[in-house]
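The structure under discussion is supplied below as structure tokens; questions concerning it will follow.
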Amino acid sequence: MDFWLSYATLAAIYVLLGLSTNLLVGIAGIFSVSQAAVFGVGAYIVAYLLMNEIMSFLPAMLVASAFCVALNVLITLPALRVSGDYFVVTSFGIQLLATAIFTNWTAGTGGANGLPGIPPADLFGKTLESSGQLVVLCLGAMALGCVAFWLIMRAPFGRLLRAIREDELAVAAAGKNVLRAKVSAAAMAGAFAGSAGGLYATFLSFIDPSSFDLDASILLLTMVVVGGARTLAGSIIGPFLLLALPQILTLIDIPTTIAAAARQLIYGVLLIAFMLFRPQGLAGEKL
Amino acid sequence: MSEYLSATGLEVSFGGLRALQDCSFTVERGRITCLVGPNGAGKTTIFNVITGFLRPDSGTVSFQGTSLDGMKPQAIVAAGIARTFQNLRLFVDLTALDNVIVALPAQTGEEPLAAIFRPLHVAQAQTKRREEAMRVLDHVGLAARAHDHVRNLSYGEQKLLTVARGLATGAELLLLDEPASGLSAAALDQIMALLRRLQSEGKTLLVVEHNTRVVQQIADEVLFLHQGHLMARGTPEQIISDPALADIYFGGAI
Amino acid sequence: MRRIALTAILASVLSIAAARADTIRIGAILPLTGPGALIGTQQMRGIQFAIDQVNAKGGVHGNKIEVVFEDNQAKPDQSILSFNKLTDLEHLQVIFTAYSGPSLAMAPLATRKKVLMINGGAQADKLATASPYLINTLPLIGDEIAVITKYLAAEGKKKAVILFENDAAGISGRDDYLDSFPKTGGTIVAQEPTAFGQTDFRPALLKLADAKPEVMLVSITAALSNMAQQYKQLGLTFTVAGTTFFQDPDVIKDPAAEGFVHTQIRIEAPPELAAAFKQKYGAEMEFFVRQYYNASQIVVVAMDKLLTDGQPITGENMRDAIFKIRHFQGLIPLEFKTNTATVPLDINIMHDGKDVTIKKMNTD
Amino acid sequence: MLALQLLCNGLATGCALGVVAVTFSLVYSTTKLFHVAHAGVFTLGGYLAWSLTTRGVPFIVAFAVAVAICAAIGASIQAWLYARLERRHATHLVILIASLGTLAVMQNIIAAIYSPNILQFSLPWASEVVAGGGSIRLTVIQVLIVAASLAAYGGLMWFAHRTILGKQMRAVASNPFLAEITRLRPRRVHVHVMAIASAVVSIPGVLVPVDLGLQPYNGVTPLLTATIAMIAGGVGSITGAFVLAIAIAELQNLSLLLIPGEWSIGITFFIFLIFMLFRPTGLFAAAR
């Protein structure tokens, strides 16, 4: 039973990240392979605050989200100044720089050894340790994220972002501040990623740079692409499906030496196939 | 009383090409002024300068006494100037109603935080905004097509929608970039009637237009632009009968 | 001689196997893709080879053993998922693990679920105290380094530099060097990290050489032969010292590694065993293969004790069995005073293609 | 003295990076596509040569065969994947993601076939030291990498400016729309460019592993450093990309004198980010 609970918890956390990536890449149209870095920063901040008993879980999550909001906005600003393709390299650069910092700043992030022994989350004084409590916490956070995402997309903000995606110039001509709208989208994406980081740190009780590297960002992109861009359904289906893949693969017993590389191979094939035949993913709109 | 809209000494050059050369003109409030001239005379460049999309190399633009130099496009729209585009630039995937709602002035709910923490308030504001947009659509005669996607509108209806979008910003000066081009006779009459009606409601229009018949019917005043410079100004009849201008514009044949 | 005795006992025990012939299932969570896959594949083969041999002789008390492998890409979150899958879905009581990061991540879960984790490859010092249910069948970095620094001091090497891999094991190795080398009167004048999986050591070697050391203390797990070749290409002459990770056949036979000295867990595979392995997998029975072969033997012996005493195979019982048996004589004689085995450790030097033992010591 | 040796060492890695940067710039400026799978082609070249040399094929022949196969693979990626996506009016983001997928597929096919171990070329002549006077010590293979890279750079410059296909390529690069109507058939030019770029990138692709060994997953960092060189050098400028690549490699090597080694890669990206904020068009920006 624990397995399904931890699978659901991890999937819920990745849904929050899916929402974050979807907001940035799908809706605001800003290419990003550095969401895992922001996710990591959120995780390290909450871990640091909890391990040194500076504050309890909820305030730590708020601090982490606020920091990630600022960080994501800072990261996205070049995208607004630099033309599309240049930002691709900047985004790769930001991810690799973040990984270098996570790995080498031993004082702050425990460096390559990672941070073991992160205290579990506590809500209103009650520590949540068992898988049952954790899954409730994460699914609850996921639900909150989805409601927020749904509200945003229904509100004028969502319509504004959809219009910006089609023709920025026309939106500016209609008297709207395009820059502010994009920055708000990046801010929301940062909040989602930061809170997801906090949940991840307390769920695993051990984090190290390998969970926030370039492969993690590419996996996030794959989840959005396969699940479906720009929609709530897409951001939910993607993570649940792709996290199940490794498990499904081990059921069909191909020799374990090949099985491992095969899974990464399938991610690659999925990316190509969906881009060729179904760019809008399972439940999304055209990228 | 300072001029309603005045441009003095505008200079704009792209690399070697001098789009506007010492271009100055004024527009009276409440009148329909047509901007005519051969292709490449700088008509659209003037629109881009007035609406803040393009910063001129030198020269100033002022509206009701306040200078627009250096203002951001959205501030100029807030000051009361809206424009349309020659290639329409409508939001094809959105409905006609949504196209208009996007142009409505700052609404609650355009900030994500408001949308999340005060959803009821935003929902109410939404319905109010929807009614307002419907009124604008009705005003241009598109009420029936409100919920259709722009893709399914006829070219004439799309032209009307661009004007509706300009109106939705609440602007009093509308810069219309070839509103009549490519329209059937019936659609042409419909749009000309709309422009006259807007003028009667106190709007001021600055219209770029090639069709001399349209210019004659609606223009109170005509500005003749050539190679980025104001060559002449006067009533439609004066401009069209002037042989020198005709030479430049029609290559001699009236 | 005593090694032959063990396999004899095993055979006899198997022959009088009880009628009940169901399979005992154990787990293994190893990195089979990504940068860690290099060692993960060897570890897997070590376990599978040992278990196949035991099954070939009828298993333990007539019960065949089946190993369920899970790939964690050396990532902590995947490891947690795999651990929960093996313990909840498959109800396994014994799980092999490798790599310091994942093992540390799973340790608290093992304690809570009383599942025995056997680590035959990771050497980060934190593993000693990570969980009472985590058994390390090899000495940790700190133990080996204490021995090598004593030897170097005896050889009069005072001025040292450190070359270390920027990952969990590499960094704890560096910290141990920094801790134990000064105690023997030596001084560390410089240290230089390299990224895990990086094979261009020239910049780091050049910078360290500039400090004119007498000995370079090495703590890297991968690409050792590249380092050796580049050390020779740059014409460096100071002594190169390391731990058991040096025991890589490509490095030993490489003339560039002449004079490299390192501690070596005395774990030798009898020739016929190594030949059988090579015949099956077409590869040398390298260090990690032998380590996990040896770890599997420990598990089998513990299982055998429980079954003879008629006790169920649970994480807790297995753990108690191992501590009761205390002395194991598989590929390598070892003793469990704590949950980290104390093993005989040799000092080996590489001399024209062979790894020659020049001193015998012990890790306690 | 240490600085001098680091400089020489940086030259070898820099030249290899230079070829990656130039070939990537060739593809990017012509097809406007961010061809991430270029790293896969680079890695594949090395593995093809390795599998041939271990089967006794002389190194030169194995080298030539690897270059040819990489050219074919590069061309087929463009013809069957990118061109098909473009025919379906896919946005650049879609093509970029497909390219990421291709990279993942290539790397993992290699990992499945050749296993993820670090493979070594057993070519004794490669690691002999060419004592370059005093304490500078470069191996035969390092000198070979520098020579081959400079030759590749010269060849590409000659190709771009002297041959017809080269002129066509630059025409397509400068104005794809115009090229479309003037019967230049850019699609065919794209395939040619991809073939040439893939062939030339496999030159360092084969030579560098002879020195540093083969790993399936280590193509991404050099590719990203190369793209930084391309952008810092100004897109479309072959010289800019080559020179900047060497400069970055030297910077990474020399940075060791001031800061601990682990930050050398971080430094490169940090400087690049500063670049992006203040000088997005690069130093040698091709005449706009």
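Lettered A, B, C and D in written order, each chain numbered from 1.
Note that in this section a residue touches a chain if its C-beta (ideal position, glycine included) is under 8 Å from a C-beta of that chain, and two chains touch if they have at least 3 such contacts.
Keep in mind that this is a model prediction, so the values were computed, not measured.
In summary, the chains found to touch both chain B and chain D are A.
Touching chain A and chain C at once are the following chains: D.
Of all chains, the one whose Cα centroid sits at the greatest distance from that of chain B is C.
Nearest to the overall CA centre, using the mean of each chain's CA atoms, is chain A. Separation between the centroids of chain C and chain D, computed from CA atoms only, is 38 Å.
For this pair, chain B with chain C, the centres built from the Cα atoms lie 76 Å apart.
Chain centres here are Cα means. That of chain A falls 43 Å from that of chain B. Our note on geometry: chain A versus chain D, Cα centroid distance of 31 Å, whole angstroms.
The residues of chain A that reach two or more other chains are 103-104, 257, 261, 264, listed in rising order. For chain D, residues touching at least two other chains, in rising order: 108, 111, 115-116, 260, 262, 265. Along chain B, no residue makes contact with two or more other chains.
If you draw each protein chain as a dot and join the dots that touch, the picture is not a line, a loop, a star, or fully joined; it has some other shape. Here, these are the chain pairs in contact: A-B, A-C, A-D, C-D. By the touch criterion stated above, chain C contacts chain D in their complex at residues 33-35, 37-38, 41, 166, 191-195, 197, 199-200, 202-204, 206-207, 209-210, 222-223, 225-226, 229, 232-235, 250. Those residues of chain D whose C-beta lies close enough to touch chain A in the complex are 28, 32, 34, 81, 84-85, 88, 90-98, 100-109, 111-112, 115-116, 220-221, 224, 227-228, 231, 260, 262-263, 265-266, 269-270, 272-273, 276-277, 280. Those residues of chain A whose C-beta lies close enough to touch chain B in the complex are 148, 151-152, 154-160, 162-163, 166-167, 169-177, 181, 184-185, 187-188. Interface of chain C with chain A (complex): residues 32-34, 37, 41, 44, 69-71, 73-78, 80-81, 84-85, 87-89, 100-101, 104-105, 108, 124, 126, 130, 166-168, 170-172, 193, 195-196.
Touching chain A in their complex are the following residues of chain B: 51, 53, 72-74, 77-78, 82-83, 85, 89-94, 98-99, 101-103, 105, 107-112, 114-116, 119, 122, 126, 129, 165, 168-169.
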